[in-house]
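Shared chain: subunit A. Partners: subunit B in the first complex, subunit C in the second.
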Partner chain A sequence: MAEEAHRHTVARPSRSRWIWLGAGVVGLCGLGALRVVLDSAAGFSLPNQVQDLLTLSISVVVESLPFVILGILLSIVVQVWLPDGLLQRYLPRNPMLRRACISLFGVFLPVCECGNVPLARGLIVGGFTVPEAMTFLLAAPIVNPITIITTHQAFGFDDGILVARVIGGLAIANIVGWLFSLHPRQNTLLTPRFEAECRRPDDHDHALTRREKSLDIFVREASVIMPALLIGALIAGAIQVAVPRDVLVTLGTNPLWSVLAMLVLAFVIAVCSNVDAFFILPFASTFMPGSIATFLVFGPIIDVKMLAILRTTFTTRVLVQLTVVVALLSALIGLVVNFVA
Partner chain B sequence: MSRTSTDARRWSDARFRRALAFTIATLGGLCLVFLGLGYFQGPKLSSAQLDTAGVRLFVNQPIAQVSPEQVTIEPTTPFTVTNGDGLVALQFKQSLLYGTDYRVRIDGVANATGGPASSIEYRFTTTSPQLYFLDRGEPEDSIVRTGLSGASREIVYSGRHIQDFAAIDRNTLAVVTLTDENTSSLDLVSLRDGVSEKLLLPDVGSIAKLDVSTPGSVLGFTLSSAKAGVGQLNSRTLYTVDLDAGRAVQPVLDLDGEPMRVLGWQFVPGSSLIAALNLDRSVLVVDPASGTATPLGQLQELHRVSPDGTIITGSDPFGPVAVTIANGEQTRLKASPLDGRTPFLGETEVLPNGDRIANAVLPNATNTQYASLLLYDDGTTSRVLYRTIDDAGSIQDFSVSPNSQYVAIETVPNSAASVSDGYFYDARSTSTTTVIVDVATGSIVRSFEGFDLAW
Partner chain C sequence: MGLVVAATVWLAATNQLVLYIHPRYIVFTIVMAVLALILVIASVTGRFRHEDDEAPPRGVPRVLSILALVIASALALAMVALPPATLTSATASQRDINSTSVGPQTQSVSDAENAPADAFSNFTVVDWASLLRQTVDPGFYEAKSVDVVGFVTPDADDPQNVFYVSRFVVTCCAVDAQPAGVPVYLPDWSSVHAADDWVRVTGEFAVNGSDRSQQPLAIVPDAVTAVEQPSEPYLY
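This part shows the complex of A and B:
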């Protein structure tokens, strides 16, 4: 009876999770509904900047949402449906080689950066270390097959942009993974809430069926990621409205400022890694090839929306450190491409 | 927590902080180094695209305006230059020489926003053309592929009684053959797999003056109906086939809207326009796509269209005439003296630089003998590009290469010993030889038995 009661309580996701999930869904639907209503409302229109904000935010959400859900589903597969320790069993024991292998996981996962966050969280819950999950998280959106194909379609092998993107992405992921593997207390890299979830005892879910566990994880992850996605999308939209893109484009033509301009553009534009190559393609003759490489390497790892989503998992301090190191590495890749190509 | 474990944690924390600081400092330093290197090296050439009309140079950054004075092309070739963003486009005003090493250099190239200037250089080598010619023989006639130099010779198609052919592209030939009933059939032959496709003609008869547009794949020919009696060329109706659009054989329409019957015709090089001389002796330029025909005056004969597609040459009762396609202006072509004597001009072709190549005869001092010559006339004097040994033969025809660098000359080495191959149409001497001459130097670069050379 007691066991049944326990099962009853853990089988249902907590009320707060449902509230957060509901808030996320209502927020996302509300954004879309507001845009539709405004379009059809005769005689009333919002100021242009607000309309731009709505359009840009909705576009970020529409672009990311399918991949977020796919990422959560993959996370469920890893945590619930794959045999325990299956992935770890075949990985090398040497940490560096192990991270190198993990950085290639993304080749098999057609998921962009937003969708990889729940999957990376699932990996940590499933027993991977924080640096290993970080390595996966940073490399996966760049080495995923759709990203590689779209980048190739956009640029071919011109100016080494595709090669710089793939190799650069892998290098950044492994360097960052190595750097954070030096951290003595890796549990402090995580937010207290997520760290608590990771510390949940193994037998916590044993009373649940796989289907119940899957539902639990889906609600838990969606309740965390959806509001973050909404907030990230709104911030990305707001910054794009506030920061004149013309200024960045003008700076992008200058050899001194081009890489920095592209870092900023990638940060504020928050475009999905699967389609960012087509976004930047029209600027190929305006920007230097290294700047484009920087955009394509930095954007999938760090942007406004990603920081909002990553904040569900990592502390602010870690995100600042991560942003600085990834920005410098991305800039270096771009500058080397500019010098060599 | 013990003091030892606290110290260990502090040491570990410090180790991470040091590694992080070292990484950030190293990356920052490397960024500055490569920023400086990239900035001071100036704009660089990323890639280039070359075609027959010009070269497009892609620079790795948007650059300031490039003037013609900054550009050097060796060997010297007239050009125009345009640029925008990271692109410099050089348009050649003349076709480039075959098989020649070119060097393009642009000095003082700077970023559009300023900064250090650099020089960009691009080298390329032009290809030599593949040549095709017809070699009639026993038991079959052959279409042979060869080059400008060497003695290579590859038979790409063989068949009985090949009357004429045209090379549509590197992989397709249009071949006219004579049937046993002395009518013509027209086939498209794929050089990839040898598959032949017969074109359905609108009438049974004989085909003549086969030509193909460059660029493009519009085929043209005249068809003379056999209905009024074999051998009686009573029709000469001009037809075209746009091979990209299908296989429909369409008549070219005259000013009155009826199918045009012609004494001579040719595609205008660089387009699918047609220059034609109809049976009323009117010179017309026709656009087969739109059906518009522009009259350009009257001539007795149509000779050729210049390689740059600007001038038609022909003749009226008083001699050779050049007709400017753009405005129909006619200019009398007078032969310049050769060794103090004035030759009589035959078929003449005007080159893009205004000079002329002409088939001519030159009487001897006593006007008792005539030599058959191919002349280069710069408007002041003439020089001999080719004449047969002892002036015993005759020059039948000539064909200037699209870049005006070479001329292929069909010659019968000894007219007295010439024997016809007996073909019902387009009969040729069995000794017809093609000689390819370098226009600039007059030197012979190739010679082979055969005719109808396609560049």
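This part shows the complex of A and C:
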């Protein structure tokens, strides 16, 4: 609702904006009052399954929200507060080396995958090519310091899971970046709306101070990412309520099937890369180590929530290709670890 | 955005974030939410660039994008308007109680054998469930009194006579909640308690009297009393 309010108010004098703010606060209080009424209404309760669907979806939102906000803030820093071209200046010219460097950016950024999307969008707006931004997007959630620490806490160096995760993630990001750099028309990889945003002439902005520009980016990114996050969370919640968990767990002991089961689990579960090692730890006794590595490589890059968020930036066609390539490569890593370890 | 952030801050203020995420993320979540709230207010009152007059998409994409916005708003509204709740027994049975070993800090049999007698009354359902997975020797459980709180989930094989007193174990957020529970043998329990009721069960483990349940041991309760839902319903 607040997003709509912003869109309507941009061209109007500032008095009406205070009215919108007032309306928002009153509306919020109204909803709060409704909540109090529902709370006290004896016997009001949703059916269990609906209630759990809501609880799970809201849980995904609450868990992802801080990372999304952090991602938007960092995106603002990159676009507005860093001097123009600072990042580009120090990167090697050779595209392959350049992407390799970019895939290591994530080491300095404690942001999980959903927060990386606004940041990657910021990089594209700031002049990076699409494959470069994609390399960053795929590698950053896996090589980020928090992910490495939590994975180490959960697994130590046992069975090569941590090593497979970090090296596998970097390899996949660079391979995917290279694949998409072969595409002849890079602009067609992006959604028309985002592509138009990138081409917006820069002098448009000169009338605004940095503070105003920052707010502008915040509003724009929030109104694009938040609906996607909410829908992704709802789909993730729905799948969790619908698909019995034990179907996946019974597949866990076969080298091939357990890898496939983990791909599916990673796809539907949609938890952030910073914490997914803790999530998968209880399964470590059931599943083979390679399958765990598959989960830890695939999950941060692709899941239902991520696809919904990525769709704000890339076309459906690109996302299908991305999913297939990343799934095959992660499965390969898992199979190698399963048969070697 | 405003709605979701306001809802998060509200949840934090009423100490209900624990219904959704692990306590270790709460501080980070609150800091980010407050920052976002400041930005939301600043952007409504501040001045910023004119939105370009893009032609809205036509046909199916337009319908889809409106539908998407409606669904997203509905979830955001639900966050504010509906009372927050824990997961229910529907998810507990769907996820198969005790299907995976839970939590890094579980009890081991050798530790428990040497524990002083009064330590057992502090054991949670998760502690007992992890012991049950390691040994079902009735002698081990002799003279160890059980005192646990959890919600009621009917046993799948013998729902008349056996229920689980169960809790969810959360490692990150409610999405990854794993149900854990211990069986209670109480014939015709459903005449007094319903599924999802929070109860406190005291008693001792003994050979399960039910012939259909697959659990070899179950609590034979001295008392099953209804209690309020704890303020931290999940275990970590």
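Rule of thumb we're sticking to: the second predicted complex is superposed on the first by the 299 of 341 C-alpha atoms of A that agree within 3 Å, B and C clash if a C-alpha of one lies under 4 Å from a C-alpha of the other, contacts with A are read in each partner's own complex, and residues count from 1 in each chain.
Here is the rule we use: a contact is a pair of C-beta atoms (placed from the backbone, for glycine too) under 8 Å apart; a residue touches a chain by one contact, two chains touch by 3 or more.
All figures in this text were calculated on a predicted structure; none of them were measured in a lab.
Visitor: Determine, under the contact definition given at the top, whether A:C114 touches first (subunit B), second (subunit C), both, or neither.
Guide: It touches nothing on subunit B or subunit C.
Visitor: Looking only at subunit A, is it subunit B or subunit C that touches more of its residues?
Guide: More residues of subunit A are touched by C.
Visitor: Quick one: classify A:I239 as touching subunit B (first), subunit C (second), both or neither.
Guide: Neither subunit B nor subunit C is touched by A:I239.
Visitor: I'd like to know which partner A:A331 touches here: subunit B for first, subunit C for second, both or neither.
Guide: After superposing on A, A:A331 lies in contact with subunit B but is clear of subunit C.
Visitor: Going by the contact rule set out at the top, does A:R185 touch subunit B (first), subunit C (second), both, or neither?
Guide: In the superposition, A:R185 touches subunit B alone.
Visitor: Share the list of subunit A residues that count as touching for subunit B in one structure and for subunit C in the other.
Guide: Touching subunit B and subunit C on subunit A: residues 285-286.
Visitor: Flag every residue of subunit A that touches subunit B in the complex, lowest number first.
Guide: 158-159, 175, 179, 182-185, 253-256, 258-259, 285-286, 288-290, 321, 324-325, 328-329, 331-332, 335-336, 338-339, 341
Visitor: Across the complex, what residues on subunit C touch subunit A?
Guide: Result: residues 1-6, 8, 10-11, 17, 19-22, 25, 28-29, 31-33, 35-36, 39-52, 54, 68-69, 71-73, 75-91, 94-96, 99-104, 171-176, 178, 196 of subunit C touch subunit A.
Visitor: Help me check something: in the complex, which residues belonging to subunit A touch subunit C?
Guide: Of all residues in subunit A, those touching subunit C are 1-3, 5-7, 9-11, 14, 17-18, 20-21, 24, 28, 31-32, 34-35, 38-39, 46, 48-49, 51-52, 54-63, 65-67, 69-70, 73, 193, 196, 200, 204-205, 208, 211-213, 215-216, 218-219, 222-223, 226-227, 230-231, 233-234, 236-237, 240-241, 244-246, 249, 269-272, 275-276, 278-279, 281-283, 285-286.
Visitor: Touching residues of subunit B toward subunit A in the complex: what are they?
Guide: The contact residues of subunit B facing subunit A are 9, 12-13, 15-16, 19-20, 23-24, 27-28, 30-31, 34-35, 37-39, 41, 44, 46-47, 58, 60-62, 85-87, 111-113, 115.
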